[in-house]
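Here is the structure we will look at.
By written order: A, B, C, D, E, F, G and H. Residues from 1 in each chain.
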Amino acid sequence: MELRELLEKLKDGSLSIDDAIENINAAGYTDMGFAKLDTSREQRSGFPEVIFCSGKTDEYLVSIYRKMVENDGRAFGTRATAHQFGLVKAEISSAEYDPVSRILKVDPVRQEGAGCIAVVSAGTADIPVAEEAAQTAEYFGARVERIYDVGVSGIHRLLSQTDRIRSANCVIAVAGMEGALASVIGGLVKNPVIAVPTSVGYGANLQGLSALLTMINSCANGIAVVNIDNGYGAGYIATQINRLATR
Amino acid sequence: MELRELLEKLKDGSLSIDDAIENINAAGYTDMGFAKLDTSREQRSGFPEVIFCSGKTDEYLVSIYRKMVENDGRAFGTRATAHQFGLVKAEISSAEYDPVSRILKVDPVRQEGAGCIAVVSAGTADIPVAEEAAQTAEYFGARVERIYDVGVSGIHRLLSQTDRIRSANCVIAVAGMEGALASVIGGLVKNPVIAVPTSVGYGANLQGLSALLTMINSCANGIAVVNIDNGYGAGYIATQINRLATR
Amino acid sequence: MELRELLEKLKDGSLSIDDAIENINAAGYTDMGFAKLDTSREQRSGFPEVIFCSGKTDEYLVSIYRKMVENDGRAFGTRATAHQFGLVKAEISSAEYDPVSRILKVDPVRQEGAGCIAVVSAGTADIPVAEEAAQTAEYFGARVERIYDVGVSGIHRLLSQTDRIRSANCVIAVAGMEGALASVIGGLVKNPVIAVPTSVGYGANLQGLSALLTMINSCANGIAVVNIDNGYGAGYIATQINRLATR
Amino acid sequence: MELRELLEKLKDGSLSIDDAIENINAAGYTDMGFAKLDTSREQRSGFPEVIFCSGKTDEYLVSIYRKMVENDGRAFGTRATAHQFGLVKAEISSAEYDPVSRILKVDPVRQEGAGCIAVVSAGTADIPVAEEAAQTAEYFGARVERIYDVGVSGIHRLLSQTDRIRSANCVIAVAGMEGALASVIGGLVKNPVIAVPTSVGYGANLQGLSALLTMINSCANGIAVVNIDNGYGAGYIATQINRLATR
Amino acid sequence: MELRELLEKLKDGSLSIDDAIENINAAGYTDMGFAKLDTSREQRSGFPEVIFCSGKTDEYLVSIYRKMVENDGRAFGTRATAHQFGLVKAEISSAEYDPVSRILKVDPVRQEGAGCIAVVSAGTADIPVAEEAAQTAEYFGARVERIYDVGVSGIHRLLSQTDRIRSANCVIAVAGMEGALASVIGGLVKNPVIAVPTSVGYGANLQGLSALLTMINSCANGIAVVNIDNGYGAGYIATQINRLATR
Amino acid sequence: MELRELLEKLKDGSLSIDDAIENINAAGYTDMGFAKLDTSREQRSGFPEVIFCSGKTDEYLVSIYRKMVENDGRAFGTRATAHQFGLVKAEISSAEYDPVSRILKVDPVRQEGAGCIAVVSAGTADIPVAEEAAQTAEYFGARVERIYDVGVSGIHRLLSQTDRIRSANCVIAVAGMEGALASVIGGLVKNPVIAVPTSVGYGANLQGLSALLTMINSCANGIAVVNIDNGYGAGYIATQINRLATR
Amino acid sequence: MELRELLEKLKDGSLSIDDAIENINAAGYTDMGFAKLDTSREQRSGFPEVIFCSGKTDEYLVSIYRKMVENDGRAFGTRATAHQFGLVKAEISSAEYDPVSRILKVDPVRQEGAGCIAVVSAGTADIPVAEEAAQTAEYFGARVERIYDVGVSGIHRLLSQTDRIRSANCVIAVAGMEGALASVIGGLVKNPVIAVPTSVGYGANLQGLSALLTMINSCANGIAVVNIDNGYGAGYIATQINRLATR
Amino acid sequence: MELRELLEKLKDGSLSIDDAIENINAAGYTDMGFAKLDTSREQRSGFPEVIFCSGKTDEYLVSIYRKMVENDGRAFGTRATAHQFGLVKAEISSAEYDPVSRILKVDPVRQEGAGCIAVVSAGTADIPVAEEAAQTAEYFGARVERIYDVGVSGIHRLLSQTDRIRSANCVIAVAGMEGALASVIGGLVKNPVIAVPTSVGYGANLQGLSALLTMINSCANGIAVVNIDNGYGAGYIATQINRLATR
């Protein structure tokens, strides 16, 4: 119920003052005691809720999947384990699991994606994060081009893909170690680059902090950065951009 | 000259092999000895070159402005001083300077901006960075809504602007100190948020690093981050997004 | 024995000089060889001793619980494991364990809490720390209002609780990831806010350091910060404040 | 105008829907273009606005002081320079300046302070921050006990003040270098300790970060920490606590 | 063989030039292929070699113990496991192991210690490091006074031990969490204090780095710091000081 | 196919324009879907591909070894486990594994190394990294002198090896803890020193970051640094230098 | 007045209870309002007070020097400026100033130093810190051997001084950049080494933090570390050690 | 005098034992009281001494230049100011100064450089550091190819220079901001790359630390790193490599 509608109801007497106050306060979420489900989230953001599986108890996880599939006919979770997949699969036979991206989803009726997001990764070890980004964007309705293993130490591999990268509405650049990929891509394209540092590497990579700093300090324009290993976050904002471009 | 065109010329004999090689190699920049002007940049990126005034010698700065105005009829520089403005103004009478954003530009024929970018800042001390972002976006052709001084410690100020913020194709959230603004905005809007940490604050703010970490770790979706105080970079990527939405 | 009393006894001859010195020196703790039990602690601080269970050997832990229950009729420990609960339960049948907050206590005769402390948490993953704070405050005699899962990315959830939060003598704000919750609450209330950063998050959250920096740099007034995940410490100081308000 | 009142007016027809929306949205601040004065702040927080003088332009600073004195008969600013004092003094003859704490205030009719806050500092070099805390608390209506230069390297100086420290409703512990003062005080008192790390020191003190870490990790209970050199913030929260104790 | 002696032998013909060169070069260690045993170490430093057990292979460990006992009649190792004790015990029946300090030694004929080193620890959790320091000093011939669990949050416990602490030639102050103990002791004694930060704590203690910074920045004089958890190093340098005082 | 050759073919008609474009783009790697094998790498760099075994799936690892041995008759992998060795050995009987350096290689026909690289390590705990460097250099064709356990706390051990160290074309200095070895060697030799910090140590060594900082800040000339524990990288660049010296 | 004496007086009636309490409390310092002069410091520590000149106001500084010279006939201050020297010299004609160490002292009747402290510095840029250490020790009564510019990149310079270094009761090792000097010295001597990191260097030296980490992680035994640039602190603790050795 | 020669003289009586000891000890440097000139440095390292001008007093600087020109006919200093140039020029008329690289040298008879070192820089702001490297290498006898302003955000500029870069014996890669240049070059060349991070940038570049981390974590092989802004150090080690290749 929008504020104007509520006030109109109040004015015409179909709503009491107390109810109006309660409505104004309570609008937008359901209080479940230990959690406040943000029920206005999809309306506000245009995106359905997504499940962060890591650390959830077995029972709780299954009940969330069940409830979301009942409501929406589909569900999408990140950072799931094979064990969690087993639990959900036992309940919902159409559940699928990708051990690389660790995405556990129920998505029986897929539609063709719109627009184009390019997901570009530096090394094969960055693919789990890249796939989390790619599958997130696909679940949210975008078409995705995957361009993997084109790190800057063999720059010809990346350059040979320039046309594909340039044709995307948004590029997701995924790289660990020194994270230089984003800067090179930033110099090649017209459209925004969302950079995802990964924790791939060792020694002074500081669990991805070094790649994050590289990307934040990029000499190229048109680059913004999300958290280390946050493929989901990159897929989300890239979808927002892709939607603007295709609406 | 595109690669295909070049090869066609080579095949039909209108170009020698040596010229072809030189063309392939040299395409895209002009070598000036100490610098290599990236002449293909605007074509590649869709954005004209911009001048980072800080630290440039007087002579060099003036000559760059003169040359850019000759070529394009306009010029745009960031992080300029009042002294630099005096120098440029003496040469180009239509030069303008904004001491808040420190932008020094020559832009006599302005066109109305397209689309909408909301630039939101937390405190008045963040306005210099916010203005750098806003004026950058305007110079690149976007319409900008400024919503300043709506930091989260008086959350009602921000919430009262929700409709204006939601109507933008992209939101630039500028905040120093603890940088919490981006997370709250991220939860209010459908479209992407570009977060700009500023170095405003003291003590444990670590010259903006603290706000950067806040924004990178945001619990809200649809947020990506640029470097500390990098208003220009935020204005640039926001323009890219706004162009996609308005093309 | 207070200093004045001791000196009076010395003057009237009922205490020897050597005894006086020993008394002055030894007052306030019991030397157990490897440890010096701070026996004057409750008198000095107004709070009973609490057991930090983590890392204690089985025998030692059980003996401490037994001794404290003998002396005070109750006992309270933090960061306990289920295994430790088993050990104590075997000795003291009224022992209780909460696997969420990891609090292991013996507290058979509870009294109604006085005053009001609001414990507010950002996400469901922050609940263990929030519960450690809440149960600590309750054990020390405060009434607690729990307001969980009201993180700033869905700000309407928090705002709908404004009245409850404002009515507390002290607010404990518990948040991981970017930790922005404390700043928003700080702007809503008259009374002090004790902020507890949690280690919830990943990547650049630096095991809670990022949330700690956010809270220390808060743009709102009336906020002070305790260590990462230190629910106990927050419950303690909030109780001190609540006692001042209700005495 | 409270929400209920507004809704009642709406219902009885004395307010239009559009006005109601505007009222709901706009309540609580005055939009001055570049800034949004938080006019509901004192009502919400119980504290008047305070001026952070550092970095403000001359004109702007004077106009703020003038306006605040007109409205409230008094004004209080932190981190002011002697130059700024001259400017304000020329306008408002009753303005006073303390070069140690750098507080610039207009406060002609002082009332006796209520309750008691002890401000304890480790070294003489910490006095500027301690005075900012003390004078802030006094301006907000608290009585303050100053106990300075009682650092832990001569612990007898601190211990001799135990009674005065214990009698306060709240203790502000100000220390730079290694910041150990807060832990010792925490073990001596019943009431809360607000710890303020200062940037006093050199070498590995990391501009106060080292003292901040010391205080956050304190082995004593009842300690919470504010930002480095944030005397104002400590005075503020201590006043909140003192008010609870004296209401 | 001293240089002068060698040169004299060379001059009088009892040593060839080649032998002299070899002697000059090779003096001071035995080359075992993968390791160069520093055989001149005890002569140079006045201390026998000590075994860092952590990470050593079973066979290698046992052979080192066997060889050292053969040569010197005793052996001393730090950071040993119970498993390693079993292996050594099977070979050398007089081997002893202390699971607290993790010291594994063969030291059948102990002599009374000389002089006095006070080992002072803040909490019971710091005792493993304190014992490593104490037993190291004892093995190297010093008499040790242990004063444990006298952390600064109950300062009376520490102060009651002032005379014992003052009577030592050197004080080893062992503390984790915020590490404030060293500063208080530094203000009480005439003789040097060797401070040992421990990794005891959580959250922002940064695995002991916070305590290290506290100790390095101490406001007291006469304090120098060794590495985190380095009880052995503290026992070593304290022994050096104690030897100077007792020679 | 070089660019000139390709253009000549195009001109004389033996290659179509489309083929030419494809050739220009595709040259230099083989696209395998999830990975882009950099087939021009050895030609470009003069070094064969090497396998980073850590984290690779069993099947994938074995297939890579099989393919590389088919193509080149040899293969070389770093950071392998004993389990991985078992898998490869079952396929390729000539596979060898060194548990110290964790190198897993197939290299049946070894040739004598050319030139000389000295690999110098500080302690025996640094030998795994030193061996990774040494064996890498040997695999790539260099002769290696190993000089281990010559840390600076017994400087005579290092100095006695001065002649051997000076005779090398390049010195690899491997050290953990404080990493001082590189500076001393840098002052002894004419030729370049490649410094490898190791993660050996504890406490404030920060997993090797401390040694890295030591080496980067060296007061000696002729030192450059690779990542923590990066023996492979040091062996690689030392081989490059050795090849220049011996070509 | 010692505690026993006081109690005896109380018992025999020559002291009232109130006076006794006051005596117990007040003993050991003089309260000057803003500062508490630690009058029992020399008795407790065996060292006179020293003046940290940096940041002191002109008047305050001069009055302190005057008072100390009146009391003790001498005075010693660190980190003084030439301007401060002028002020003090105008009052006390025998005042001396060393612009290198920045020590400003009044010390007309010098006595020959006892024992021996070796002050060893790596580079000429470290001499100011080394001199602060050396002159501090001399003022406190020690004999000092200066051995400067013997950094490890020319290790023969250091080794040629081995005998002089070994003959000292304590060695102060002063080094910036990578700070490797302490480890080499630690391996050469029997007696304790006090390491002083300096802020000499640039880039990744992090204002001396890098040298501090090097020294804390030293592979040699018998080394303890004071704060960056803390020559005074090193001179102080070295004097303590030297006194023990020479008493 | 070599050791063998010395011993032969001793044996044949032409040298006394005392002289021999003195010779062994003193060999290799000249003791000037406050400094020990490393006179054997050029012999040991093959490089003449170089002057670090920054922070040297006027007199001292001039005397060093004079002495070096007397001895060697040339002199070379880094980080000089224009003021220092004036001083030296007044003494030595052939002195030259380059305000970009801040090199102040006397080098009247230049010889043609040998071999080839490529100095590649990312942006024009990196040129001062690049020139320090280039001129250092030239002074030490190398031929240098300068390739400036080829940062990765316009990768075609760099790629067009591939042949020139590949032809060098060693490449110096100079870059600030995110420092990605080194990785791309590392993938293009056969020979070693010495990477120099610069402090060019702002915000999260952490004064060059971010670029340093990028380069240390490079995904390309054949890269080693020197300190931030250390153009001299890079020129030095590149010369060592170039000499090996051209000897």
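Convention: a contact is a pair of C-beta atoms (placed from the backbone, for glycine too) under 8 Å apart; a residue touches a chain by one contact, two chains touch by 3 or more.
The structure displayed is predicted, hence computed values, not measured ones.
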Smallest count of steps, each to a touching chain, taking chain A to chain E: 2
By the touch criterion stated at the start, how many steps lie between chain B and chain E on the shortest route? 2
Check A-D, B-C or B-H against G-H and flag the pair whose interface repeats it, over half of the contact pairs matching by residue number. B-H
Can you name the chain that lies farthest from chain G, using the mean of each chain's Cα atoms as its centre? A
In terms of mean CA position, the chain most removed from chain D is F
Whole-angstrom distance, CA centroid of chain C to CA centroid of chain H, is 59
Distance-wise, how many Å sit between the C-alpha centres of chain E and chain F, to the nearest whole number? 38
Each of the following residues of chain H touches two or more other chains, namely 154, 159, 187-188, 203-205, 209, 212, 216-217, 221, 227
Chain-chain contacts, ordered by label, are A-B, A-C, A-D, A-F, A-H, B-C, B-D, B-F, B-H, C-D, C-E, C-G, D-E, D-G, E-F, E-G, E-H, F-G, F-H, G-H
Per the touch rule above, chain B residues touching chain D in the complex are 124-125, 127, 148-150, 154, 156-157, 159-160, 202-205
Within the complex, chain C is touched by chain B residues 122-123, 151-155, 159, 177-180, 183-184, 186-188, 201, 203-206, 209-211, 213-221
Given the complex, residues on chain H that touch chain G span 25-29, 34-36, 38, 40-41, 55, 197, 199, 207-209, 212, 227-230
Over in the complex, which chain B residues touch chain A? Could you list them? 44-47, 169-170, 187-192, 194-195, 212, 216-217, 221-227, 233-234, 236-237, 240-241, 244-245, 247
Touching residues of chain F toward chain B in the complex: what are they? 3-4, 7-8, 10-11, 17, 20-21, 24
